[in-house]
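These notes open a run of structures that come right after.
After this come two complexes, each holding subunit A, first together with subunit B and then together with subunit C.
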Partner chain A sequence: MAVKAVMHIMERDIRYFFRFKWWVAGMVSMNLADLFIMAVVYTRMVNPNLVVNYFVFFAPGLTITALFAAAFMIGREVNMEIRRDIIHYMLSLPIKRWELAFGRVLAGSVRGLIYMSPLLLTTLAITYLYTSVFPSPLELFTIIFTLFLVAIGTSGLSISLALSTTSFEKYITMRGVVYYVLFFCSTVFYPMTLIQSSLPTPLVLIARYNPLSCGADLSRAFLLGTPPFSFWMLLDLGIFALFFALVAAFAYRRAMQK
Partner chain B sequence: MISLRNVWIVAERDMRTFLRYKVLLIMRAIWFLAQIALFGLVVNKMLRPDVQDAVGGNYFHFYVAGIVITLLYSTAVFIGYDIFEEADHGVIEYLLSVPISRKELVLGRSIGGGLRSFIYVSPMMLFALYLIGISNPLQLLVAFASLFLFTFGVAGFSITLAVSIKSSDKFDILLGVVDALIVRLSTTLYPIAYMPDYYAALAKFNPLTFAADIFRWGAGIESALITSPWTAVLGIVLFFSMFTFLGIILHEKRIEGGGWQ
Partner chain C sequence: MAPIIRTVNLTKKFGSLVAVDHLNLEIEEGEIFGFLGPNGAGKTTTLLMLITVIKPTEGTAYVGPYDVTREPDKARTLIGMAFQEPKLLWVSTPWDVLDWHAKVCGLSSEERRKRVRWALEELGLWNERHKSIHGFSGGMRKRVEIAKILIQRPKIAIVDEPTAQIDIVGKHRIWNMIRALRDEGSTIILATNELYEADVLSDRVAIIHKGKLLVCDAPKKLKDSILGGDVIEVVLEKEVPSKIVEELKAINRIVDVLAVKPNCLKIYLNQAEEVLPRITEFFMKVHMPVKSIQMSEPSLDDVFVHYTGLTIEEAQKR
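Up next, the complex of A and B:
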């Protein structure tokens, strides 16, 4: 597999991402408004016995939601390319199918990481300001590696969904359900104990093994000290990333062979 | 002389166009369900007991009513995108060639933009009322009438923005930013009493605050924290009058002499 070819595909997708100015602007304002307005107000309403400071609790979660939303977007483009036969043009390029497939998965994740970076810096600043804790280089590396795994898995999941149907309506419905279930059924907005006491068991299970929960909790482990770091979180994310990256690559290759 | 029939024809066309946005309709419906069935339920258990008392005993009901208004706003605002798309695809030239006066066309767009949003949100509004319960049908009717005006006002607001900005990129970005701020700086998600003063000052004059609080009042949520119903009605009427008028004037002005190009 030629790294240069994969890099070309990634570069194309990253350039494409910044064409969606309206989406990026809307997302940035939404993310910042969530943190600096919504979380600030909820901090005054949340029971401190459950969450001591909601603003600080939510900040690491915000990084994950931003990463997830940006990485998830690649699926929409892939689905559009399949429906409009743009994939034929992609096949005409002097790039192997595997390179194309992995390039797309990697591009989706790198887009997520690029979009998330300023929000990660904001989170680091906020948690440092409130807790005076700054992660060690190893902890920081683990956080970034965790986010990379979440991004790879999300990008793969999104591409797999996009390739599972050629009907745009079916795709949008599936995408919406998966997106919102993963989004709200996670520890991004609230701790696991609350989810356990509020939602039925199947949703609790989703929340527990949800990569967004693992990503948010792993970041909180290093930035806030709770919940404690567990190796299983990394393993969970590793399996999620590997599984969906492979599924997406195989599905993409299959779609190109049709 | 404005022909109501012509106005209705334009409004009906906008309503039919809306049904083509399957993606938007599906995503918004899923978003609504996820917001109330997941986020609303969990957050309801996260709040202090005094907050629950202050919002009328159940934050979940308070939140569900707010989410309905957010949905109403986000679908009514969509008419602005239609206007941009039509300018891009040359549909405005066609619309100007039909035997309908400029005023009828513009008024019809504003009414159609609001009405289609109200129709789309109605089943979800009824579901919300089923969850909250109805205690006073008369109050509810007043609330519905106010929300009807609110959707026309939002459509007018979106049309005003769409015709004031020539670049579709700038319009998209501005609408994205406004959308993020207008919802969070209102009482759709939380009561004004818990907002810091600098946010509360803005939220007090936000049309979404008036709409959310009048809907809560209509549904019988008893809370001292919601805006007084008559203030809310007055706020909505002012919002509706201002933006429907502005939208019509500006839109009419812009379509003369190819101002949209």
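Up next, the complex of A and C:
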């Protein structure tokens, strides 16, 4: 029953996502265009001592940012439901609050993965073209699992933020801050060596433990061989995912009190 | 038999506003329980506490054996609600909304198809079933909302102003569907601010005002408990002498008689249907031919005025 309830909640959110399939397709195309523009423009500008080939370096990073943005979208809907009191309907359903919360967290992350898949495929193709490396099935599985953890944590984070306020402006502001910090202090766009040499220590720490860094670097570990695979990055992501899934569940329990 | 719903000093405060104030109610299994009150009386707030969407500030309620503050998940397995304001995603279609709702409520796919189809047809939405709710009128949205509960058939069904915004044909159809739902074994809680609706549907009615329970009884008894609760307007062929008016006043259960025009009387009385034959008899006896006779029901205003000493307009100003 619990599994069914979670699946039903997921179904609703995933259907909702596909109602906007053309918009999604447009966004994905724009991301792909970004990737190729970056490739043309930056590959020649970036110091090869820092990044040998910026194109193959950047592709996994862009994939992660797309995943993050897409998985974060669920928060906007959850916040909209609060403002229109649709949350009353969700809370009145004959299912448990944690089923509702986990259903939505999972839906948000699955939507992120769906959105990201064309970018991931492109990344794999580009890497193969430039380096002739294609990950083994186990490596590929680990990459996808890693991305799934990033998606779960992101979706949980966005839902937790969305449930913490009834104001859309506040939600958008919080989202902006999260985006800014996580994108800026991360290895998505530039490697750790550059961050260490140019950012103050607190920001370096954020960049190191930032799930986006871990996600991007884990993909790079299998695709490019640098930075090397390390188990703590996987652990970092596991904690990120578990923590925000639980916070979201807690937030849904608390939603009753308002 | 133990009541299926029991509220114990149920209270909800929003800041300094006491929306529901130490409410004690008992609802019996299988009845249609009308919940009457003017705008802002606290009806919806009470219902939202019963369905565990908002948490009481004080006191509690029992849904079946479950305390809503301690076991909300279990309470919700017994209860369902059609909301006052339709809670629908505008991009969805009636079919998707209802099919999904039925799924979450645990209906098998065959049963689901059957009931969703039935509800859409009965509520006149079959042709619109795959259209986006975005383009729907208020009444159509309200129909989709009410369909949820008719499909779900929970043990306890809450309907919050089920026919607001709905045309008269639709109102009667929905009332019949609510009655049928009760006949199949559901207990119904009907919040409304229309006395007529509460009257035709409810077995018992509770009137609340400013979050407080004023009175709770069968609608008939409620209306009869107000002096001059019924009104009969009589138009006669000729002018009515004041002697006749006095004689009329002496008839049992007639509270007051007012000469609106020389040949038109307004008679305030209780239990009009019993007294009416005696009134017509009386006019025949005194040789006063009756042109027309009209009976009107007391309104929520009358009952409300009786129990609060205020008209609804006055109550809302305070």
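Convention: the second predicted complex is superposed on the first by the 247 of 258 C-alpha atoms of A that agree within 3 Å, B and C clash if a C-alpha of one lies under 4 Å from a C-alpha of the other, contacts with A are read in each partner's own complex, and residues count from 1 in each chain.
In the analysis below, a contact is a pair of C-beta atoms (placed from the backbone, for glycine too) under 8 Å apart; a residue touches a chain by one contact, two chains touch by 3 or more.
Not measured: the values here are computed from a predicted model.
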| item | value |
| --- | --- |
| First (subunit B), second (subunit C), both or neither touched by A:M30 | first |
| Which of subunit B and subunit C A:I195 touches, first, second, both or neither | first |
| Partner chain(s) touched by A:I86 [first = subunit B, second = subunit C, both, neither] | second |
| Partner chain in contact with A:V105 - subunit B first, subunit C second, else both or neither | neither |
| Subunit A residues touched - subunit C or subunit B, whichever exceeds | B |
| First (subunit B), second (subunit C), both or neither touched by A:Y16 | second |
| Touching partner for A:R97 - first (subunit B), second (subunit C), both, neither | second |
| Complex contacts: residues of subunit A adjacent to subunit B | 21-23, 25-27, 29-30, 32-34, 37-38, 40-42, 44-48, 50-51, 168-169, 172-173, 176-177, 180-181, 183-185, 189-190, 194-195, 197-199, 203 |
| In the complex with subunit A, residue positions of subunit B that touch it | 22-23, 26-27, 30-31, 33-35, 38-39, 41-49, 51, 169, 172-173, 175-177, 179-181, 184-185, 189-190, 194-196, 199 |
| Subunit A to subunit C touching residues, read off their complex | 1, 5, 8-9, 11-12, 15-16, 19, 84-86, 88-89, 91-97, 256-258 |
| Subunit A contact footprint on subunit C (complex, rising order) | 48, 51-55, 72-73, 76-77, 80-81, 83, 85, 87-89, 91-92, 96, 100, 103-106, 154 |
